[in-house]
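Encoded as structure tokens, here's the structure I'll be asking about.
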Amino acid sequence: MEGRLETGIPGLDEVTGGGWILPSTVLIAGAPGTGKTTIAVQSLFHGARKGETGVYFTGISEPGWVVQHFLKGFSFYDQALIESGKVIFVDVGAAVRKSAQEGVERIQQEVERIAPARIVVDPISVIRAAVESERLYRETLHDLVAFMKGMNCVLFLTAESEYDEKRPGLESHMVDAILSLSHPKEGHARRKYLEVVKMRGSKHMSGEQSADLSDAGFVVHPGLH
Amino acid sequence: MEGRLETGIPGLDEVTGGGWILPSTVLIAGAPGTGKTTIAVQSLFHGARKGETGVYFTGISEPGWVVQHFLKGFSFYDQALIESGKVIFVDVGAAVRKSAQEGVERIQQEVERIAPARIVVDPISVIRAAVESERLYRETLHDLVAFMKGMNCVLFLTAESEYDEKRPGLESHMVDAILSLSHPKEGHARRKYLEVVKMRGSKHMSGEQSADLSDAGFVVHPGLH
Amino acid sequence: MEGRLETGIPGLDEVTGGGWILPSTVLIAGAPGTGKTTIAVQSLFHGARKGETGVYFTGISEPGWVVQHFLKGFSFYDQALIESGKVIFVDVGAAVRKSAQEGVERIQQEVERIAPARIVVDPISVIRAAVESERLYRETLHDLVAFMKGMNCVLFLTAESEYDEKRPGLESHMVDAILSLSHPKEGHARRKYLEVVKMRGSKHMSGEQSADLSDAGFVVHPGLH
Amino acid sequence: MEGRLETGIPGLDEVTGGGWILPSTVLIAGAPGTGKTTIAVQSLFHGARKGETGVYFTGISEPGWVVQHFLKGFSFYDQALIESGKVIFVDVGAAVRKSAQEGVERIQQEVERIAPARIVVDPISVIRAAVESERLYRETLHDLVAFMKGMNCVLFLTAESEYDEKRPGLESHMVDAILSLSHPKEGHARRKYLEVVKMRGSKHMSGEQSADLSDAGFVVHPGLH
Amino acid sequence: MEGRLETGIPGLDEVTGGGWILPSTVLIAGAPGTGKTTIAVQSLFHGARKGETGVYFTGISEPGWVVQHFLKGFSFYDQALIESGKVIFVDVGAAVRKSAQEGVERIQQEVERIAPARIVVDPISVIRAAVESERLYRETLHDLVAFMKGMNCVLFLTAESEYDEKRPGLESHMVDAILSLSHPKEGHARRKYLEVVKMRGSKHMSGEQSADLSDAGFVVHPGLH
Amino acid sequence: MEGRLETGIPGLDEVTGGGWILPSTVLIAGAPGTGKTTIAVQSLFHGARKGETGVYFTGISEPGWVVQHFLKGFSFYDQALIESGKVIFVDVGAAVRKSAQEGVERIQQEVERIAPARIVVDPISVIRAAVESERLYRETLHDLVAFMKGMNCVLFLTAESEYDEKRPGLESHMVDAILSLSHPKEGHARRKYLEVVKMRGSKHMSGEQSADLSDAGFVVHPGLH
């Protein structure tokens, strides 16, 4: 796959028509409990095992050690990759608190220094919370996305609520790909689904794909319902 | 169960895949009458009977004696555990009225002094009401959650309305686990349900579980519909 | 029934599991025409016939003589109980207009002077209209409810619109019991229902109970649909 | 019928359980085209034929001659009753434009001067538009309603949109009776309905009653669907 | 038909019970693509062929030549009637931009000078956009409507979105007649409907009437579904 | 086709009744992933192959090279047409950031210099974000649309969310044609549809038409469901 990166999520390379496009920005949207962080971090570890460097920007919603604490149960988690600096957790909480601009600058400095292939900003809504107006958020996000395009990496942004096609957030318009995660109730049970709602420049599978979240991480079952 | 605490709610250890994770923050969301306070306090008394100390922060919506007045009908209620200081009701109403910051500081001082294993803040919405902006609330909540992580305890936050997956509050994104309580009308009757919507770091049962609220307290019937 | 008061509404003692809890606060919510005022006043007159004193705080939405004018058609209405001071209508309209605080103080003074067993504030929304912010309303209501708890009485608050479980008002969280009245259309007809949505400290019947409003006042038919 | 006035709308005396209560305030709510103004004015003319005086406060949404222009097609319209001063159209538009207070004062002066048995304010929403806050509107409306109670008349207020039980306007709480008019689509056709949603102090028929609007005016068919 | 004008829309004279009432104000509401402008202009040309003068106030949403450009495909369009001054397009865009008041004054001056029988203001929402508050809009609209009543003409106002009976705009209350246009999806297809929702002073056909929009203009098929 | 331009989208000339009208403004509305940008750019390349010049105004949501990067996979993409200046990507991002007015002026200057037959502004919502009030947006958009009418070209505006007939944006009222793109879920799958909701001056096919988005670009299947 030229100019593409394996997703690291079983089944998702097939659904996306060949993995993440390089460079591109991917929005991962879903309600709490649908597996957004798992997909993003699972992809980082996958890249790291292939020799890439990946960065997870944290400190935004909680310190890195807390994220790692909950990730340890997953089989894809590998402490050695963290210790060898292939997967890096960077705390930008203090910077974002000062201002969104400072948070974004801190992210950019780290990315320039590390030159990672995969980057996670989880969740992007904190940037929104840190700016006064929608207009400023649009500009800040635009700058971040444009900067990442120049770094030839895949940038993952997570959105904290269900993807709503009737009222897509402005992130939806700026990104190249949108993954929508859901776990609708069917009777009293829930089933998990992943859908590639948008993926520019790639013929991809449309519609909801059945998915699972287990100790092995996130798995997609293309074409299975 | 290493690093976990029994919930004290019959059936809920099974649903959560082994009890509360230590440390973690648990959001208990539900409309009035669904049993939020009961679950939280029942868990405190259970821990106390095991030798732990538990704190219920009150004075936020009403004085401690009022809460106790209505709890007396439950069989898990044990006045001796209150008198021996294993279950503590702390009134932080005056502090919160001055400012959210002062309320949170008061909570932190008490927690540092008592070092409890289980903590209840009921309801969390009062903190929201005491700050001016959503941004400030996010920071205040972040500080509270991060502080508790460092204390190696389970923190229960109650949310006063039905959990809405379409518009999850920002608490939903910060917590490690979400319990959603509901009592939908089925014809003219109501049935009670508990669902673990999210539980980081633990394989748990998904979907709605049938539940009851009686003099014995809250009971979950895993897998029964 | 120790620590409980008969409701005075046929069938409601059974539904509530033994009448009003003493002390407690009861929210009676329902759209116009569902019988909120009738239930509250019918309960006052019932208590008065048992020798209690009851107070209806009025002047909030209209003068007392108007309320009485429309109550005269009910068989539970007894002019003698008003004349003997067992059922008292107090006009606090002027006080509330000055400020919510003054209205609440006036209510408290009267309650301290009269020491009634049952108190009606109809409707509570006027207090809300008289304060500037939700935060202040929460505090004002909190003070009122806490004060009444100390007076060992049952306080009835009426809420002027249908009880909405998706967006329960903050009154819902502060009260000990919630009665939801409704009269849904079934075809072109309407049927009346009463539901005890929440009742702390008491095992009560859940679900909607069929009800009637006639010259005899409000009647509940437990378990009948 | 002691203390009651014939409605003048065929079938409506039966539905209301004996006509308008004296004194009382009646809200007539309905979307455009449902017949609110027709019912109100038809009732005025009926009273005038019985010897009463009725006043229609106009100039609020349009001059009196325009209202009369469109009423001329109805058989209940009688120019002689206008000329003899039994049905009076009063223009208070200029007063309301200055302030809601001045509009209300103008209405009160006229009512004191004329001492009518039936009064129409069509539509009440203009008073709302003329005050700055909901709080002030509540007070203004309260004063108007209380004043009219003292004048021993029936006051009709029209509300310009469909009665919404989920979000009843505050007028709904202040009035003694609510007539809800509707004309729902059934397939591509529409049928008219009138419902007495609330009527204090009177046993009335509940549910939607079939209705017609013809050259003869508004007619209700109680119990016919 | 005394005091009435032929509509010029095949089938609509029958639906309205005899054409437009003189004087009256007619609101034509519908989503984009339903034919609002077509009905209004088709009616102007019809009147012009009968010898009346009609004015279309433009420059509000776009210059007159653009409107004419798109009208040329309709068979009712007649360039000669424009050249002979029987159908006049007046650009009031510059005036409205200065202020709503100036726009309305410009309209009134032209109407006084031309004394047309039919007037179109398309769309009315631009007046709303040009005033600061709803209150001011109500007054401005009131003045415009009242002025037109004095000119003995039919005034057509177009509203740019679907008529919503649950939330009728305030224009709905001020006008004498409301035409609601719709083109609901039925499966993947759309069908057109016209409904006279309100028509004061005239017995009219109620319910949705099937309609077509072709090169011949707008056509209504009364009673056909 | 006199005064019309081929759309360049297979099947769309038939649906529109003969291609784009010259001059006209076309709104292309749809949620992310429905193919708005594809249709607009595919039309530009089609015109360019016929010898026209087309301009895509970019820099609004992202730099031109990024757009081109994702377009390269489409068979209609032709790098030679870009190099020969028949399809031009103009970055107006810096100008829009200064002010909406400056962005619009920059667009107008380029259009005057290049005199293109087809122009894309993708997305129009950025202009909205750059002005303070809806009123100013209306004026800015009005000026842009009026200017383009004078340039005898087809102007494409994209709107970033699903076309909502209940709440059409004000762009909907100003444009001559509206294409609504959708991809509703049918079970777990999605199907694509294109609908011409409005097209002034042309008899067009109404209702949803089945569509596909593949490496060949956007294709419409008129009359096929």
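Read from first to last, the chains carry the letters A, B, C, D, E and F; within each, the first residue is number 1.
FYI, a residue touches a chain if its C-beta (ideal position, glycine included) is under 8 Å from a C-beta of that chain, and two chains touch if they have at least 3 such contacts.
These numbers were taken from a predicted model, which means no experiment stands behind them.
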item	value
Chains touching both chain B and chain F	A
Neighbouring chains common to chain B and chain C, by label	none
Interface residue identity across copies chain A, chain F - same or different by half	different
Chain whose Cα centroid lies at the greatest distance from that of chain F	C
Separation of chain A from chain D, taking each centre as the mean of its C-alpha atoms, in whole Å	60
Where chain D and chain F are represented by their mean Cα positions, the distance between them in whole Å	52
For chain D paired with chain E, centre-to-centre distance based on mean C-alpha positions, whole Å	30
Traversal of the chain ring from chain E via chain F	E, F, A, B, C, D
Complex interface listing, chain F residues touching chain A	31-33, 61-63, 66, 69-73, 93, 97, 123, 125-126, 129-130, 160-162, 164, 183, 185, 187-190, 214-215
Complex contacts: residues of chain A adjacent to chain F	21, 134-135, 138-139, 142, 145-146, 149, 165-168, 170, 172-174, 176, 178, 193, 197-203, 206-210, 225
